[in-house]
Structure formats: C-alpha cells, structure tokens
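Shared between the two complexes below is chain A, which pairs with chain B and chain C, respectively.
Up next is the complex of A and B:
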C-alpha cells in the first residue's frame, strides 16, 4: 500500500488562512473545532459505508462459520467446529485446492511471461506502438463472464471456428472437444484468461518500464552492452516493483477464480475443474448450507492473508539485500 | 533477445499478436450475424439472433435496463462517497483519519467471495436482497479502496492556495469544494467512474448470488442463463449476439476514455 504519512506543515496550512503566519496547527478554538467537525462530516459516508458493508459482513461471516446455518431456515445456533470439519472432509475439497493451485501456477507463469513480452514489444515509440497497445488491451475492457461466453462459442466442437478449421486442414478427423478432457479444459481456460488479461498486466509493466531512466540505457549502450545484458542488468532489476505487483494481483486473482470455470467448463468434466470459490458457491446455493460456505470463505481469507504477509516479507527481504 | 526480437521484423511479431488478440472479437461479431443451423439465423446474414435476444424471457430491453440501472447507481455511489471521502482524507485532520483510510484500503485484502456470503444474509435483513439497489451498494463497496485512494491523491495534487482563496472569498468548505475543487479533480472522478462502470457492467458473481429473480438479472447473468436454460440444442447464435451487446458499451467507453483509464495505472492506486 502506498500511504502517505501525514504532513505536519501541510496540516498547519490546512487549519485555515488565518493561521498562515504562525504556521502552527491550532488545536483549540472554534476554528479548529469546526474544521475537525467538517472533516468528520465529509468522511462520514465512507465510515458508514465501510462499517455496514465491510466490517459487519466480516463479523457476520465469522459468526456464520461457527453456526449451523441452512440457507432457508437461517441461524440454528452454534455447532463449531463442525462446519470446518465438514468442509475439509468433503471429497471435493482437496481436489479443488490442488486444482486451484495448479491453475494459479500455470496462469501466472504464462500470463506474466506474455505480458512482459508485450510490454517490451510496445514500450518504445516505434510506428504503430500506440495502436498495438490498444489492441492488446482491448480484451481487458470486456468482462470475464462475457469473455468466457465468447470462448465457449469459439471452442464449440460443432459451430466453433477452431475445430472446423482443424478438420478442414485435415489435422483431425473428428470434431475437437476443447473442453472435453480435464487437461484440455484446463488449458483452454488458461488460454482464455491469458487472452483477457495479458493487456492489463502489460499496462502495469509499461508503467514500470517508463520509470527506467533513458540515460541508463544510453550509457549501457555506449559501454557496448548487448541487448540481453541490458535486459538482465538494467530493465529486469528496475522493473521488479511492477513485476512484484503483477505477481501479487495475478496470484490473488487466480486463487479466487470463479467466472471462467463457472461459465466455460461448469466445473467439468467430472468435477475436474472445480475451484475453491466454486466450492463456496456450491455449498451455499446447491447444498443450501451457508454455515459451511462461510467456513470455506474464512479458510480462503486466511490463506490469502497468509500469502500477502509472505509476499510482503519476501519483498521486504529482497529490498534489504 | 537479439536472436528473436532483433532479427524478426517488429511489425511481424506485433502484427501477428494483434491478429490473435483481435480474432475472437471479430469472429464473435461475424458469427452473431451469419448463417448457423440451430439458431434463429439459419440462412444468410441477418439479425435473427438479436431478435431471439429481444424475446428471451423478460426481453433484452429489460436486461439492458437492469444493467444500466446497476452501473449508473454503482458509479454514482462510488463517485459520491469517494469524492467526499477523498476531500476529507486529503484536506482535513480528524481523529481516526488514518485508521479509516487504512480500513477502506483493507477491503482489497479480503476476497470477493468471502464477503458475498454474509452480504447475502445482511441484504436479506435490510430487505435489499434480490434488489438492484442492494446489488449496486455491494458493487460500489468493492470500488471504494481504489476510488478513495484515487480521489485522495487527486485532492492532494490541487494547490492549496486555490482552496484558500475561495475560503477567503467567503465560501464555506462545501462552496470551495463545489466551485473550485470539483473542476480541479474532474480527471480523477472520470477515472474512478470509468473503473466503477466497467466493474459494475461486467460483474457476474455478485448478481449470481444476490439476485434470484430472473426479471432482475443484469445482462451478463441473463446471457449466461439463456445459454444454460435452452433445453437440448444449445443456441450459440443468441449467445454470440449477447456477447456483442455486452462488449460494445465497454469497448466504446474504453476507447473514448483510454487516457483516463491509463491514469488509474499510473497513479499507484493499484499498488494494493
């Protein structure tokens, strides 16, 4: 998080024009009081909003995870830790965890690799670079559900163009079912996600690339460094903050994957592509048990907080060395 | 690098990738108006698939209206709350200021799905379950961290003298905000509004959980349902038409406001 520390001299200005000669924050008197009260007034909508729609649900999900809570009947009292044991004993739980981790690993490597390639390709002001940037980003403006619906048609063995083209070229004899086996369903979904998000991560990396001073490149070139040496010695180290941000966003987003599998594979074939968040949805709205859904939500929250702490620490250590 | 990027002409690589990125969009648009067996458009080119959408269940216009209402409300709520909040965090000192700011940013740390289950129960208690207003309130909440951060740095970038001269001229802080600061932070507002619109228009899981009445479904949910509910034969054509209707506003808004979108990335507000 980039949070600016409160600026004390600026605070003195803020107290109003009359305070300017003294440059000292006034901590008493009607002016300070009214300024403070006005600040509270302007912040009040945010405070109410965050309290009602963020803090309250967080407390509620904790309570729900410890209670017997069917969807229709509502709260039936404490049953802790039954919801948690129910979740971890479920036959779908560990396969879903394994699948989510596998998907996250594949997507992260492919997506960030391609995004880096795209960013390097369009970073300089070559002819058409602006056009290509826009084109690569365009899928990013679509929603993930819309993109999944689009690829569902694209992958169709009967009417989709991919299968028909392969047949016409004589590469396959029968229509290809891109979503038919666990492996092909996973890889087809990865392709969709990479198509949809590559431009987004390209933009983040481009912002990082623009922070690399031009003189550094020129100096390295004058010293006779090769392109590979410049990339490894200058670009990559200076790009590290942007890469770290992309990594965090990509890992978090992939661990919480839902839309693409719900729309494209529906968790199939044979429940082979069920993610953890899909499991939350199934618990709540197919098995009609909000208690276990809440317990699962708490586990996901804990895992993500742990991940954030680990990544923050890793970055911190890397900065020190 | 030298062997791959150096020798291959840049335009071949960049152009080839551009074709791959554009192909699904172009194919889908073409397929939605072209001949396909098993759809309303079974001979020649035409708008048969779009007519299927118009007649599907509550009708395309209804779903477009739902999506427009949800997106409009979400954008308005996000802009209103983050405008006042950003002003407060940037220009005022009050007890709990930093705690509230950090708590707002903390929304980013909590997974979407974790909050939707309790929000489903909570909205029920507030009689906002299965309501477009309830859905918009939830969607705006997920926009608050980015929006508040963005508005705070927008206000901090405005020269303090501008506001002070307005205060000397006898405006209250509300007058200064309306007459002097509002025009100055307008680019920030456009960025926040753009992100909120794209998120609200495209969101799928929140309406899936919070809206149970198919009459009230926003468009992404309606198109996904259309595909699932058609018994036996699947109507690919109508789905393709639905994707076009879903995509066109997003692509238009993005192309028109591209500059403002990129500012969201430059601001550091994504460093969550």
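Up next is the complex of A and C:
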C-alpha cells in the first residue's frame, strides 16, 4: 500500500504536461518557475512541521544520548559511550529485550489470527453484520491508557468484579490474582490488548477482503473448489497487502508497548513484565537521567528501523515470488 | 527524485520505508525530548525585617501531589479566605509528581510554591530547585518547634529550604470490634512484634472474610513507610548518614521480614497483598475486615464514622516504638519572582491559627511539637498518640531515594519481595544492590 501511493501520484504528474503539449514550448521558463514555487509553497507547511516536531527533537535526542544530562540540571557535557554501556549493562536491559520480543510474538499471532477470523465472520453483508462489525470495533474507540485502567479495576483481586464473580460461581475458592504471577500478568495484558485492538485490525482486513472480486469466488466454486482451497488459493494471496500492513503496525506497536504495562503491572511482578520503552521511561523519570534515556531511545529506534526494513524486504520478496 | 522508469528501485523503496518508520518511531522522541537550561540555585535569603512576607493581592501558583490533597486543599482554602494573596493549587497524580517537577525544573516552569514528598526533598535542594529560606525560617518565633525531621531533610550545606507542609506518620490501626470478637483487650494494642503477631493471628482465626493484617507487598514506598519503623524501634538505622549505603540485611531487619513472611505463609494477610502496588493499600482497613496493620496517620480523618479503631505506635521485635515521618515539605521555587508573597503563605501555614484550626481540626498531625496537645487533639486521644510520635520519628535522608526505594523496578522492591514472598536467601545480595543504587 505504502509503495503504491507515491507511484500513483508520480503517474499523475507525468500525465499532467502531456495533456497539453501545445502550451509547453511557449511558457517553459516562467511557468516552470512559478510551478516550482507553488510546489514549494504547498510542501512548506509539512516540511516545517516535520522539521520542528520531528527532525529537531530527533537531533536533540541524539545530542542527549551523547551527554550527561540529568533531568533537573540539564546538559553537563559529553558522556558518550558511557550512556550506552550503562544502559546495556543494566540488569533489567536484556530481560526487557527478551520480554518485549516474547510479548510481540504472542500478541501478533493471537491478534492477527483473531482479527482475520472476525473479518471473515462479518465479511458478508448479511442482516446483523453491521451490528457485529460495530461491536467488535467498539473497544478500539477507547484510549489504551483508559482501557488499561478499566482492566486494572476489573482484574483487582480485592475490589474487582471478575475475581468475585468467579468466587460466587464457585469456580475458585480464593480471590484470583490476575496480575500476581509473571505468566498471569503477561496473559492478562495480552487479553486486554487483543480485546482492544482486534476490531481495529479486523477493519483493515475487512477492507482487504472486500476488494477481492466476487467473480473469483464464483468461478472457483463453479470449478468445485472447497472452502479451504478458496481460502488458501484466493482469499489469502489477495489479502496479502492488508495482512502486510497489519503485521507491520502490530509488530511496531507491540515493540513500543508501554501504556498497558505501565498501568496494569508497572513492570511487575518481580520485574517480569518490563518492556524496553518502560526502561526508557524509568531512566528519564525515575532515575531522572535523560542521557541514558535518550541512548536507549536511539538503540530502540535503530532496532526498529532494522527490523522493519527486513520485514519490508521479506514481504516484497514473497510478493515477487 | 527517482527516475521516471523503475520507480520501485531498491534505494527509493528503502528511503520510503525509512521515512515511514522514522515517523512511527517519532513517538519515541516524545519520551526522550526534554528541556535545557540550568538552575543557578538559591534565590536570596530574604530579609528578616519582613518576617511574615507580603500580602498584596498577588496570585501564587502551587503544586502538590494527590496523596496529600485534602490537607493542601484545606490550607489553601483557609488562606485564600483570609488573605489578599490568592494561591492557585494544582494537584498532580502522585506517581507522576517527580517527573513533572523534574521536567518543569528543566524548563524553568516551576510554580511559585511546590510541596514535595519529604524523601525527595534532598534531591531537589541539592539541585537548587528551592529558594534559600534560612533567615526567614530561623526568624520564626517557633523555629525550633517545627518538625525537625522535615527541617533536617530540607537542609543542604547548612541552608534551610523547606518547612513542613503535611505530616504523614506511619502508625498501627487496629479494629477494636474485631479485637473484642477475638477476645483480645481492645485497649491493649501490640507493644512488640511478637504481640502484634499473636493478635493478628487471633483476629485471623475468626475466619470468614476476616484477616489478621495487610500490607502493600508490591509497593516499595509502602515497605519503607511501614516496615522500617520496626527496625528503627530496635534502635537501629537502615541507611548511613549520607544516605549512600544501606544495612537492610541486618539481623533485626531479617526478624521483621521473617514475621511478615510467616504471615504470608500462614495466610494471615488479607488477599491482594502480593499484588498491591500502593494505589489501594489504605482502602483495605476501612472495610472493617482487617485486625491490625500499619496505616498513614493522614487517613485517620477519612475512616468511616462507625469503625471503632485504635491507634498505636509501630513496635520493634522486642518493643520500642518508631514512626516514619513522611508527608510533604514545601518550599518556594528558586525561579519564583514572588518570594515575599509566597513566604506569606508559608509563614501563615505553620502559624498557630492554621495549625490548630485547619490542620488539627482535620485530625491531621500538626507540624509543630509545641502544638501537639491542642483543643482538637485533646478531644481524641488517638491524635495525641500520633502527635507525640513525631519526636520518635525518622525521615530517611538519601539523594537517590526515589530511584532506589520508590521505583517499582528498583532494587528495594526486589529485596522486599525476596524477603517476604521468597525464602529470604537473597537479602544480602539485594541489600548490596540497594547500596549500589544509593551510591549511584
């Protein structure tokens, strides 16, 4: 998708002058110049926005990552490799990397699997389909932090209704500690994230599904193809761009996970659910050290870039084959 | 840009990808970007001639954390009602307070007045966030009667920067109704850890949804606040004088942890202790199903009217008593341009009228030892118990307090949980990690 968009505009630009070949020789000079100026004018606001809100902060983070920069006192001079080695030497660093990757793997598989299932369920325009589409998508309208807080209340063994309901039903004897062990904390968080985002990814996949021409399905059915064959032979291949986009968003989003763990577990119990971005927050706002926080941000940025370039390449190779 | 043909060239694709991803990753910079600018410290001592500051109708901004909101709001309201100056109070979520102050300090956006959890004060005084108030504080007629543990925490290199704002002491609350049901004497709260243990178990034996005790087991700040007094009560200290090393693996400390661990093992503790991150730990006792547990004194005025509760000092393993004198200290930002007006609020807030008619009237601990007995406390013996504890109180001093003890991913919480939910075998190693963080 992202590759197609610029392609289309490039085609449009090329087509423009060719529509009026007669005018071109007379007005090459001034018009060309005014068009260039126009172009610059249109692009300027975005360019300024990107420069001020993206490039400058990024440069500042770069500078911070090389400096001893306490939150309160400000820049205290160069501290170049130490910021990075301090971060990677931290006892929390490698466990956080491992946990973030594990979480990303679980969430991506479960979330996209479920989203595809939901999309297939509500794909046809049957009576009631609109209702279910809305219901599935509804949690997506909540902010992640608000949703996390909601689940934090639901999960609470002392005040939450979930544990009490299970007790009343006689399914458990003691209050259930949904966030009490490393495994339950991880699974409880995955459950929240899946609940929150399944509808969103369903929507992306639904758009993809509806672009598949009906004739293909009809033809396949006439040829006697089974449901499984149709799914593997038609639906999946034609859904690839939507799946690729979902995968990219899901992996990037999960690697940057913060809100849900910050609200639900604060990295606990026993530091078992500390994500990499939580470490950045901890360096900056618990240890009040912007230098190491920036160094860690740069490392995460580099890792994300690398991972996503690889992902893009992989998807393209699969496309071409 | 790209050639008219082959717009899918690998270079271009890579560039597009990179730009798209940079934009995604741009989210990150929101965390990392901060502000520059330095603080040049101290804002002048002020003249003793103007001991009460200036009340000229100025508007003063003030920050406090949610944990001490009711106390701050009461003081600000009473001040605004009786003065020309107006204080505009902003309450900030407790967990975000340090980050907020740090960021504002960096960009010189601190309010005129800001309160701080007293344990974080050394970090702020040493960074020059507060204006020097030495002469003004010493000029108060009751200067030596102000809660000295707060004054000490706010003294850096011989200069005084803060006055006590709200005092929050850790004390035992015990449920007299449950004590009666368990055939314990409701007028004899525990005086040693062993008695506490016996009484908690007796209440727990009532069964049903009644439990012996409770604590915040996933909350470093709760451990500091409620466990350390038992160590102090034995006459020991937990940190060295400069706050750069800890002795949280001492035999006395281990005795305290062991008691708590046995409570966990024998299920004497109300459910949820293991998960309790501190957000709801004070909400368990008021439900009336817990026998005896340490609580913050500031919650006394918030307890249900029909809950018959007694208050007692936290004992050590073999007796003694101690308390953690927490709460907030308050100072004037070094960057404030209204130092005289801000001092008017501070001087008033520790004066007789505010301390008795506002603080004591709300069943809170007064900031001055000479007012420990007043018309409100005399009507409620529990308040006298608490007020008298101020002199047995400790406020630990460490520059790296927050990142060592309050950080949910810090070394102290690891020690706490190893010692009480684990087998305690790692306490020595964990204490070394605590010391390393303090000396960081």
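Things to note:
Just so it is clear, the second predicted complex is superposed on the first by the 281 of 321 C-alpha atoms of A that agree within 3 Å, B and C clash if a C-alpha of one lies under 4 Å from a C-alpha of the other, contacts with A are read in each partner's own complex, and residues count from 1 in each chain.
Just so it is clear, a residue touches a chain if its C-beta (ideal position, glycine included) is under 8 Å from a C-beta of that chain, and two chains touch if they have at least 3 such contacts.
Just so it is clear, the model here is predicted, and its values are computed rather than measured.
Contacts of A:195 after superposition: chain B is touched, whereas chain C is not reached. Of the two partner chains placed by superposition, A:219 touches none, neither chain B nor chain C.
Of the two partner chains, chain B and chain C are each touched by A:58.
Residue contacts after overlaying the shared chain place A:179 against chain C, while chain B stays out of touching range.
Judged by the touch definition given at the top, the superposed model places A:288 against chain C, while chain B stays out of reach.
In the superposed pair of complexes, A:102 makes contact with neither chain B nor chain C.
In the superposed model, A:269 makes contact with chain C only, not with chain B.
Once the two complexes are laid over each other on the shared chain, residue contacts for A:310 go to neither chain B nor chain C. Contacts of A:122 after superposition on the shared chain: chain B is touched, whereas chain C is not. More residues of chain A lie in contact with B than with the other chain of the pair chain B and chain C. Residue overlap on chain A between its contacts with chain B in one complex and with chain C in the other: 2-3, 6, 10, 14, 53-54, 57-58, 60-61, 64, 74, 156, 159, 252, 256, 277, 280-281, 284-285, 290, 293-294, 297, 300-301, 304-305, 308. Those residues of chain C that touch chain A in the shared complex are 2, 4, 7-8, 13-14, 16-18, 20-39, 98-99, 102-103, 105-106, 123-124, 127, 129, 218, 270-272, 274-277, 280, 283-284, 402-403, 406-410, 413-414, 417, 440. Interface residues of chain A, counted against chain B in their complex, comprise 1-4, 6, 10-11, 13-14, 16-17, 25, 35-47, 49-50, 53-58, 60-61, 64, 74, 118, 120-122, 126, 128, 132, 134-139, 141-146, 149-154, 156, 159, 161, 195, 198-199, 203-204, 207, 226-228, 231, 245, 249, 252, 256, 258-259, 262-263, 277, 280-281, 284-285, 290, 293-294, 297-298, 300-301, 304-305, 308. If you check the complex, the residues on chain B that touch chain A are 1-2, 5-6, 10-11, 13-14, 17-18, 20-22, 24-25, 27-28, 31, 36, 38, 80-82, 84-85, 87-89, 91-95, 97-98, 100-107, 109-115, 117-122, 137-138, 140-141, 144, 148, 156, 160, 164, 167-168, 173, 198, 201-205, 208-209, 220, 223-224, 227, 236, 239-240, 242-243, 246-247, 250-251, 253-255, 258, 262, 265-266, 268, 270-272.
Residues 2-3, 6-7, 10, 14, 53-54, 57-58, 60-61, 64, 69-75, 92, 156-159, 174-175, 177, 179-180, 252, 256, 266-271, 274, 277-278, 280-282, 284-288, 290, 293-294, 297, 300-301, 304-305, 308-309, 312, 316 of chain A are the ones touching chain C in the complex.
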